[in-house]
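Shown below is the structure under consideration.
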Amino acid sequence: MDLKKSGHQKIDWVKKYMKVINSIKEKYYDEKPFKGKKISMSIHLEAKTAYLAIILKQLGAEVSITGSNPLSTQPDVVEALKDYGLNVYAEKTLDEGVYWKNIDKVLSQKPDIIIDDGADLGSRYIEKYDTNSLLGICEETTTGVMRYEALNKKGSLKVPVIAVNNSKMKYLFDNRYGTGQSTWDGIIRSTNTTVTGKNVVVGGYGWCSRGIALRAKGLGANVIVTEVDPIKANEAIMDGFRVMKMDYAAPIGDIFVTATGDINIITKKHFRKMKDGAILANSGHFDVEVSVKDMKEIADSIEEIKPGVEEYKIDGKSLFLLAKGRLVNLVNGDGHPIEIMDLSFSLQLEAAKYLLENPDQKINVKPVPDFIDNKIARIKLETMGIEIDTLSKEQQKYLNKGI
Amino acid sequence: MDLKKSGHQKIDWVKKYMKVINSIKEKYYDEKPFKGKKISMSIHLEAKTAYLAIILKQLGAEVSITGSNPLSTQPDVVEALKDYGLNVYAEKTLDEGVYWKNIDKVLSQKPDIIIDDGADLGSRYIEKYDTNSLLGICEETTTGVMRYEALNKKGSLKVPVIAVNNSKMKYLFDNRYGTGQSTWDGIIRSTNTTVTGKNVVVGGYGWCSRGIALRAKGLGANVIVTEVDPIKANEAIMDGFRVMKMDYAAPIGDIFVTATGDINIITKKHFRKMKDGAILANSGHFDVEVSVKDMKEIADSIEEIKPGVEEYKIDGKSLFLLAKGRLVNLVNGDGHPIEIMDLSFSLQLEAAKYLLENPDQKINVKPVPDFIDNKIARIKLETMGIEIDTLSKEQQKYLNKGI
Amino acid sequence: MDLKKSGHQKIDWVKKYMKVINSIKEKYYDEKPFKGKKISMSIHLEAKTAYLAIILKQLGAEVSITGSNPLSTQPDVVEALKDYGLNVYAEKTLDEGVYWKNIDKVLSQKPDIIIDDGADLGSRYIEKYDTNSLLGICEETTTGVMRYEALNKKGSLKVPVIAVNNSKMKYLFDNRYGTGQSTWDGIIRSTNTTVTGKNVVVGGYGWCSRGIALRAKGLGANVIVTEVDPIKANEAIMDGFRVMKMDYAAPIGDIFVTATGDINIITKKHFRKMKDGAILANSGHFDVEVSVKDMKEIADSIEEIKPGVEEYKIDGKSLFLLAKGRLVNLVNGDGHPIEIMDLSFSLQLEAAKYLLENPDQKINVKPVPDFIDNKIARIKLETMGIEIDTLSKEQQKYLNKGI
Amino acid sequence: MDLKKSGHQKIDWVKKYMKVINSIKEKYYDEKPFKGKKISMSIHLEAKTAYLAIILKQLGAEVSITGSNPLSTQPDVVEALKDYGLNVYAEKTLDEGVYWKNIDKVLSQKPDIIIDDGADLGSRYIEKYDTNSLLGICEETTTGVMRYEALNKKGSLKVPVIAVNNSKMKYLFDNRYGTGQSTWDGIIRSTNTTVTGKNVVVGGYGWCSRGIALRAKGLGANVIVTEVDPIKANEAIMDGFRVMKMDYAAPIGDIFVTATGDINIITKKHFRKMKDGAILANSGHFDVEVSVKDMKEIADSIEEIKPGVEEYKIDGKSLFLLAKGRLVNLVNGDGHPIEIMDLSFSLQLEAAKYLLENPDQKINVKPVPDFIDNKIARIKLETMGIEIDTLSKEQQKYLNKGI
């Protein structure tokens, strides 16, 4: 009962700051573009994603939804969501069986469109189900896009995938500014330690990790970046950061954060070199970047010493792993800020609508069309009351003329 | 039961990162400098302050303690603290009567030393009690120091006051870096909104407020500062901020934060000009900077719409007041980061010890002696493994020689 | 005589910090890959570009060279360059006839490869000469690439063009960090005014202009960005800048800088609104961004009041135009920092070598191949003594595997 | 002839941006407060200081002036200054004899007031002359104030000294923002190397050096600070910088800058550890911070390889010393930005006027009275068109009331 009230409070709150999707909803409300369509969603189940699902329903869709990560599901939001007439199959759980059972329940509706976050939902559908009726998949994350591209390379991608992640209004904002703020929110909230004056080691210098590095610097840390890409490594240096191998960074770091999309960024040999009291967190999609497997293997003891913080005793030192190595911003916090998800979900909505209106897509992983990206950007400016210049005919002509 | 466990977890956690006070405790442990002495404390009652009280007890003192702010008391910490053999009189409450009754309970021990946060405890003692046995007061905050100085000006200060707040290792760190980080923690945690891209209006440009402005910038905000001091106003401009009257800032700001130590920074006329959805928070000691009184007078309705967030409907717009206008970092968060309080509380401990060892102080508000400030600074560097240069005789001589 | 000595000093100096191209030169020195080949160059004629030309000569090429901008040619460098056995046709001049005559002199050698900066050299060759023997053009700038792409769209591009500008080790570094530092060097050097505390208006938020904005912020300015692209406008906001129409920025700005690649960013109506004492500079390739034409039309008087600074009296106010609206970093300074040009010119060298070794390119504007980009990045890290991580097989496999 | 024209151009230019002193001059113009008074000045002789001297003359004073540093004197400004009817005794020279002869020429006027920069002028007067008629000295720099305080400690200070340096509108602005910008101007201008991506080692973390560190960070450097004061060391860490002994920093740094007011910050043992190509600069008052004496002792060769840059060959490596270890911002640049000196010189003018109007000062080194500091701050805000809030009676009362 209280759970449901809390869930409604959260949803009512995010609604106030999701001005872009509110503006889009208003425009489409009479038209009901998703009428008669079935949408399957797998997405971190908290208030903002809930609100996307609600709007899809309000614009006519039949929506089935589950959580994209076993630990990020918020039970109060799940309860509230049921009041809106959605089919919700989600539990906060570590039981993998339950996780996949919920995914199958969602998929059993035979969706017209899949909205995915990490590619578990869509790839399951492709592997196990008849995809005939499916118009396409909209994928939210870097990790998910990489997985669908791998499928495509193998020739197993049976439906078009819109890489929502690859649109500028997504990755330039969600990955960078969203991850940047929410990662530090998750870390600070669960540790109450200073960021200022700390040696922060950031694994990677892609959009997510550079957001994390940028905000660490903004919070007063001395930041070290590790990378495998020499160009990104040079960028990190030019941005004022130290760049080195994780081997060298391990004994220096006070706080480690990974966001690379790859496995084994921090492993056994690194843990052994770390300082007593080092804090470890991950903002990448899966819990494989800080190798929890390795930590478990070499730990003398493991104890959850406060919510979201586990103490691993290794070689007589204490290492503190946050959120079990899963997405620290979602598990130990409330995920990305509302206004950031507003952009990502507005893109999801428009991408889903685009698939509906352009059903004969080539089977491929493709970006959101530019006109959608620009449209979302313009609406966002409008909601902030910001006016920008427009190219005059003369200026347009000059750009095109060449010699 | 669970409450007590949670309290112990919190205290055990902060202990790990309070390395300076741990180092001091170790040094004094055999000596027990506070043996036979009674210390009365009024301080925000959460894990870090609890740990100071515990250490004072472990170094020999009889400690009575209450919360310095009715809303910042954490019940789990209160429960755990009782296990350590301290006299704890604290409740999270809005009942002023209860608040003062607890203060009187603490004072009834007839303290040798008072450790104060905001001057409620000490000024009550001066006003209502016989201060003969009291060696002095150690005051933590800007607000408290201002109040004791006012008492002194009136000739009513009966005991020496050590302005812990005025030592560099306090105000340069706690006020600036501590308030900077914890204020944004409190705001982000309770709103989940972006700071990046927002117009943030900071009331004041003293140490606290410049910490808030610095971190707002570090988090990507566009910061506006309001000030009454023309020199500080010029500094804010040179630091890249816009400076203007609150009148002009009111309609521009998305988030407002005050930390001035004065009243009525944001008042009726400002609320009326604000944007729908504006967020209001305060990090100053009392809930008088954002005039809650004014807000209540002109609001059509007031509702707590989620924990720590009240919606005030004013002229058809929604303004969101955080933490009822009280210290947002303490009420909506866990207060200053551990390592920052480690510095402040190490100063408190050393200041209390200094009063003990130098009982015949002039009645005055005086700073912590420089040697203590430097000592804490050196221990902090040691705990971080950082070595710095030392003046050579030649260099020392050059500095002294003049022509 | 002294002129020549000064030129040699400058070239000897840049040689010390161009470590990437030095490393490449060493590797190719015995091989002499450009032996028997003729290279025509048009490039800002100062020490760093001179050094590229010298190395091309040392690696076997016959080099003819002129300046890509009438005002950026440094006479002392021209004199010194002649000592190295290059054909130099360059004068610092405002006489357009002389400019084009020098270009024709260079082209008369019938080049195998053209190295261009702004597309004047290559497009002249395409228009007026027989391009049969030309293997291709390497173009340095955004502006030049846009011009060649326009030619290509019209079907008039007769040779392959390598868009050196579009390689990451160019635009991420030269355009952003190079322009950022050198623009402010040019402005500060010629005005001796503060940047800190000023309202700086940056026209555009492409790589060049965001470098300018980033450094303005780093120097303490309050930065306003104007844009026509809604996505870039949103990025600028998220980076903490104000974004508005130039119309609104005109009366606020203390210093205006443009770098858009387009015309008429600041025009008549803007000049009329500006503050007395406003400073105007451009870092875009051509002197058309701050409309000098418009300024001249409405000015009551124009006077060069100190080197590189002209006072335009407009409506009783003084506006100060730097470098006649031409590239302020080159005309009022020494251009991009050495280490930045080291990257760009290493790319030029490798791109030219690539054209030589792969003569049958499709006629098109194409990027530098990735392997060259990565190679330059790796050499740069080596010269700084920085080691980075390498993908393990396991990590590589994970990235490729998908589900 | 051309020299004189160039000097006038420079003075006319700075006049445009020295709005605070212009505003003060206007107010006092009819009154002529310095009428019949003799003012001796020793100050870096460039356009801004020249303008202060001119205004003093225009307000009635008889002014004799010399340069406070043998290398910072600009001959063109000297020539122009003579046109204004001042007694100018200054040459750009390394001849110490000439330097002191000029000082004596200035002092021979028997000044009523001395305006000093570094304490050479005033301490000479105290040592060698009859100081009876002297009302006092206004000292500009940290170094000078330290020297006068040392004199005072020895009981040899015969006249009151106003420590203009110690007023907030001086050291918070000139030392921090002024030194910060102008130091990097001097370094970039004479080297054309990147600051971004470099390891910059800053000697000290006082107001000057923290300005240098702040701007280095703003320009993209990775900054290392060395300090002897443990509190400042902690501040530097909290500001995100690395702090270490110069011993450890020596082999890491690409660019070294000192500004401590002490000797031997970088010495023999450090030079031997440095990287080939390291750049050394000083912004402290005297050329003793980077020990040029030590460099000379261990160098195999020394050569000025371009204006303002000397190559020292040490142990087979090249170290580049800028500006002969003297103030790099003045010797290799044009000194502090105009608007910064406008504040400092407005303080000088008001301090001199204060000495005149309050002739019976205690002999002491004392700060500029607060009312002057605030006055300058308010005029500065006015010139920028910035309005700030004012304390209401209610607010004033609250601040004073205590309990």
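Quick notes on this structure:
For reference, chains read A, B, C and D in written order, and residue numbers begin at 1 within each chain.
FYI, a contact is a pair of C-beta atoms (placed from the backbone, for glycine too) under 8 Å apart; a residue touches a chain by one contact, two chains touch by 3 or more.
Being a predicted model, the structure only gives us computed values, none of them experimental.
Seen from the C-alpha centroid of chain C, the farthest chain centroid is that of B.
Two copies of one sequence, chain B and chain C, touch each other mainly through matching residues, since over half of the numbers at the interface are common to both. Between A-B and A-C, more contacting C-beta pairs join the chains of A-C. Here the CA centre of chain A is 38 Å from the CA centre of chain C.
Chain B and chain C, compared by their mean Cα positions, are separated by 52 Å. With touch defined as above, residues shared between interfaces to two or more other chains in chain A number as follows: 177, 196-197, 217, 220, 234, 237-238, 384. Residues of chain A that touch chain C in their complex: 119, 123, 127, 146-151, 153-154, 168-169, 172-173, 176-177, 226-228, 230-231, 233-235, 237-238, 243-246, 248, 261-264, 288, 373-374, 377-378, 380-381, 384, 386-392, 394-395, 398-403. Chain contact summary for the complex, chain C toward chain D: residues 9-10, 12-14, 16-17, 177, 180-181, 185, 188-189, 191-197, 215, 217-220, 277, 305-306, 309, 318, 333-335, 337-340, 384. Residues of chain C that touch chain B in their complex: 196-197, 217, 220-222, 234, 237-242.
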